[in-house]
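Letters A, B, C, D and E mark the chains as written, and numbering starts fresh at 1 in each.
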Amino acid sequence: NSDNEDAKPSENGEETEGLKPVSIVLDWTPNTNHTGLYVAQKQGFFEEQGLDVEILMPGEAGADQLVASGQADFGISAQESITEARVQDIPIVSIGAVIQHNTSGFAAPADRGIQSPADFEGKTYGGWGAPVEEAVIDSLMNQEDADVSKVETINMGNSDYFTAVERGDIDFAWIYYGWTGVEAELRDMELDMLYLTDYSKKLDYYTPVIITNEKKIANDPETIKSFMAAVSQGYEYAIDNPAHAADILIEAVPDLDAELVKASQEWLSPKYQDDAEQWGIQKQEVWENYAGWMYENGLLEEELDAEKAFTNEFLPQ
Amino acid sequence: MSQLIVENIRKSFHKKTVLDDISFTVEDGEFVSLLGPSGSGKSTLFHLIGGLYEPDSGDFYLDGKKITGKRGSISYTPQSPSLFPWRTVLKNIMLGSELFGKPDEQEARVMLEKAGLGGYENAYPHQLSGGMRQRVAFVRSLLSPQSFICLDEPFSALDELTRLEMQKWLLAIWGQNRRSVLFITHSIEEAIFLSDRIIVLSSNPATLKREFKIPFPRPREEDILLTEEFLKWKKEIYQELKVLQ
Amino acid sequence: MSQLIVENIRKSFHKKTVLDDISFTVEDGEFVSLLGPSGSGKSTLFHLIGGLYEPDSGDFYLDGKKITGKRGSISYTPQSPSLFPWRTVLKNIMLGSELFGKPDEQEARVMLEKAGLGGYENAYPHQLSGGMRQRVAFVRSLLSPQSFICLDEPFSALDELTRLEMQKWLLAIWGQNRRSVLFITHSIEEAIFLSDRIIVLSSNPATLKREFKIPFPRPREEDILLTEEFLKWKKEIYQELKVLQ
Amino acid sequence: MHKVIKAGWRPLLVIILLFIIWELSSTFFEIPSWLLPAPSEIWQEGVAGWPNYHHHIWSTIQLTVIGFSIGCIVGLMVAIALHLMPRVREAFYPLMILSQNIPIIVLAPLLVIWFGFGMMPKIIVITLVCFFPIAVSAVDGFRQTSQELIHYMKMAGASKGQIFLKLELPHALPSLFSGLKISATYSVMGAVISEWLGANRGIGVYMTLASSSFRTDRVFVAIFMIMILCMLFFLVIISLEKLFIKWRPKGEGNSK
Amino acid sequence: MHKVIKAGWRPLLVIILLFIIWELSSTFFEIPSWLLPAPSEIWQEGVAGWPNYHHHIWSTIQLTVIGFSIGCIVGLMVAIALHLMPRVREAFYPLMILSQNIPIIVLAPLLVIWFGFGMMPKIIVITLVCFFPIAVSAVDGFRQTSQELIHYMKMAGASKGQIFLKLELPHALPSLFSGLKISATYSVMGAVISEWLGANRGIGVYMTLASSSFRTDRVFVAIFMIMILCMLFFLVIISLEKLFIKWRPKGEGNSK
């Protein structure tokens, strides 16, 4: 039944009847992290599973609480948030990793000469003021016996990366390469990128992930299963057809910059599944590692029960 | 039918007594004038009758009903015209009757014409002269439905001829409907010409000083202004006021 | 030294002519009164002299200098007191002199006392009676430094005795400093008692109707009010006004 | 028409001047367009992108009009209630002020959690933004009515309601319009902010998308859209003001 | 003191009542504390966390006071300029309105580009938020001065400056205070928002951190801090108003 996918109408039209309406809240504005969802929508994978999916932007609200409170069925989040949220007894569970490995890291324009964490010394870091940032930088610098107290930190609030580094107020910041890094490539701006995964195994956490709440898992596992089946299909399609997947995203959200989406998709598609045997799989040790690291660094008030924070059971067998 | 009884009224502002034990009666259909030095408390007495504030002691009765502190029982021309700047002359004069739900534009226009303000129906107060504003306020109170009228120096800003016109008009209206009128003025002549009775108030605090019953027959014509008797009355009242100061 | 020449003044509002070709002179130290029907344009003439608006044609000269449309050359009592509600009585009367940088509190207090307002220095306008407010506005213009004074019905809200007091006071001040005065009133008696000359304006539009030179010698006492000659003048002017309507 | 041109040329000149300075300094200082695009680039994008974003504008206009209307009504009602019922004023005035201090960012998730993703939470946000200036100015306007006129009305036997309707309300109109002007100005921003609560359409959405894909030119197109909308709303309020407040002395007696 | 208690008990009662309802419904409906913590929990965190956050409060107060003061001055100056120079008003009034419609989110990067991450951009944001209501109300207040009194002043030879200082300014005071009240209310929020532009301290920073680590109780502590600050500012303005506007008829003639 996959040969007539392309012919399927993307609009939900009259055929909506009989489909189960579910909603998913994004973590930010639509971007290539979400391509699989849009592909599943456009290619009719959701419909095949009997679902009518509405993709919502979270605005300022953020996905976690919305999903936890049941206003939305699913959401996009990240392991860091979920870890902190679960410690605060917020009942959300990760049901699939969108990207296998952490693609975030510290980026600096090449002219700042930051080749390794040791070079952070004497430089200015632009962040949003969370304790976790200092801890991460500290972890990285520790390995090279550098001193975190020699890094100046500025809270750059909502300012965008390029503005801040270009003006010279900051030297490096924490970015996702798949979006901001790719944009830099498009602008012919040379970046030195230090991925977290290159320096600490413990910091190779899942970001982003798909979440739902515990109640949903208890009451309606079938829907979750169908949903994840379609989403997997969507991401697999995006892995195989990056160019077409990018087009689908651009068509769904025409206000995005097409060039950036295409380049970013090209970069990101191979990273979705990466070395895992299946898209979306999560490992307990990743959850334990990161939570343990946070706890050690005083970023968590109690230890995380990693087993309850994620599950692979809804991924297609 | 409207008889006003003023009974032992006392009023002070911030410990300064303004009215001290004022009592008098305005009979039904009577025209009574109040005379008294500037600042003696005449306007204050009107405010008390109208229920704007309550007297410290004493009571007012209109037709036997106690109206102390009750509003809306009298029709009133304030000392300063108090017109609404955003209303045209016509709308301003209909205000009093509007409050009681029976504005009559036709009558209002006729009245304006009589007050010498024909053609100013749609003017705003700021386009009128001082005397014209005062006439507007006067017409407004004439158009109010209450049968007891209190007029606070309604003609002070008018030239003598216009003033005479207005006085004659007031007498004519009063003669027709026999509303009772309580009238404040500083002109002794005006008081004599219009009133059945003149009440003279003293000052600091105001007490009832003396009453004069004016015996001229009704209807009165302006020629009485020149009679010997008129002058006699005028002198007597003037002397009475003079003693006050 | 202040002589005012009014030369061929014309003014209309929205095509309605109010003043039509008015010319007269107020000599230095002279006391001139303006009489005319309500709404004839007396206050408008003051506004023009004071430079509030410009006349459509014609000019004013003060001591030979053209002051058409120029402000601040006269001291002025408006028809309605126009006191500042947020200023006390004392602060209000000092306003005129304040504008020219020489407020004299001592003098102000003395003047207030003379106006019968001693003890009200710190009262706000809303605590005063109508006549008291008018006196405040009058004192304010007396305290202004200009030597030409324009008074627009300054005593209309006063009882006859207080009015007489004020008139005598005004004459005394005028006798001392020989300021020139232009005075609007509706009281023919007042005009005769105070003025060297009386100018009668007609109405719709106002034109200069007639001038009367009042021959009573100075200083005048109140007893002239009762003389035959005074009555004769009064009748004559009254007749003149009567023809206007 | 002539009047409009006569009143409008000065601000237009200033604005055009600003644009010229901006354009010139863009070229002169070689400001990269992703940092601050030149007006000409913004104009190009504005023209070229019109088919992509015009539906966003409609959606925002709708939201603004609905929200502003509700905000005005609420503001006026609140002001009337506070004015006519001194007890209520004492008790609720502080609460009204507090209502202005719940950061929208914090309120947003709560509103979405309580009311879902529909119109409701958005309209609440705009209303919250709009009602306050109206309520404050109206209350102050009511309170400043000339005592002389109030005295007259009371003496004339006017009821509390009549004093309010015939005297205090018309007297407060100029002040009320001050409030309306402030609110109208905020309403468009309020609508844009409310769209950040989660919407699929609207200038707010367009702007976030543009911003997150680093399309600075589009961000500026959005800003100009907001500004133009805002000016339009403001003009509407000013026209209404002219319509309602006719009596103010003008011409002769007025130096302006 | 007695007066304060007398005026304050009603709103206090309402607020206490609201808290009780909130507390009860928290327990009754078992609202999870990450969604909406009960007042008692917030109180506990507020007391326990004091040493952690009091420096944030000071920093915000500083920012607010500086920003508000500058905003007031700018607002008043703008109003005076617009009022006294009709030409300037025509040209710049529209610009003033436009200034209220640049979304802070968009302005932020620009401000940062121009002024870096220091105090400057933050103060600009607060000023931008505060000056507008003051300017609008002041301009409207100036314009509504009684024509009668203006006529008197002109006839008396007052210069434009004297008419302004002695008549229009005192006359506009009540209206100006309307604006100040609106602005004071916004100033604290303005400061908090400006802290999101990038600050290391302040209630805004404390709140974002609390929010990102899902400490809803702390978020509410922050909200209450903002509200309390705001009430304090408002009270200061009201006291100033009482101090400056003494003449309003009270007592006898006043029914309230």
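Worth a mention:
Basically, a contact is a pair of C-beta atoms (placed from the backbone, for glycine too) under 8 Å apart; a residue touches a chain by one contact, two chains touch by 3 or more.
A quick map from chain label to UniProt name: B, C = ABC transporter ATP-binding protein; D, E = Nitrate ABC transporter permease.
Here the structure is a predicted model, which is why all the values come from computation and not from measurement.
Note on connectivity: the fewest chain-to-chain touch steps from chain A to chain B number 2.
By number of C-beta pairs in contact, the leading pair of chains is D-E. Each chain gets a centre from the mean of its Cα atoms; the one farthest from the centre of chain C is A. For the pair chain B and chain E, the distance between mean C-alpha positions equals 50 Å. Chain centres here are Cα means. That of chain D falls 17 Å from that of chain E.
Distance between chain B and chain D, defined via averaged C-alpha coordinates, is recorded as 50 Å.
Shown for chain C are the residues in touch with two or more other chains, namely 13, 52, 80, 126. Counting partner chains per residue, chain A has residues 65, 69, 160, 163 touching two or more of them.
Contact of a single residue of chain E with at least two other chains is seen at positions 35, 105, 113, 147, 151, 154, 249, 253. Those residues of chain E lying in contact with chain A across their complex are 32-35, 105, 108-109, 112-113, 116-117, 195-200, 205, 208-209, 212-216.
By the touch criterion stated above, chain C contacts chain E in their complex at residues 46-47, 50-52, 71-76, 78, 80, 82, 84-87, 95-96, 98-100, 124, 126, 144, 146. On chain D, the positions that touch chain E within their shared complex are 7, 10-11, 13-15, 35-36, 86-87, 90-95, 97-98, 100-103, 105-106, 110, 113, 132-133, 136-137, 140, 143-144, 147, 150-151, 154, 174-175, 177-178, 181-182, 185-186, 188-189, 192-193, 207, 211, 219, 222-223, 226-227, 230-231, 234, 249, 253-256.
For chain B in complex with chain C, the residues that touch the partner chain are 13, 35-39, 41, 43-44, 79-80, 116, 127-132, 135, 152-153, 156-163, 186-188, 238, 241-242, 244-245.
Across the complex, chain D meets chain B through its residues 148-149, 151-159, 162, 166-167, 170-171, 173, 245-247, 249, 253.
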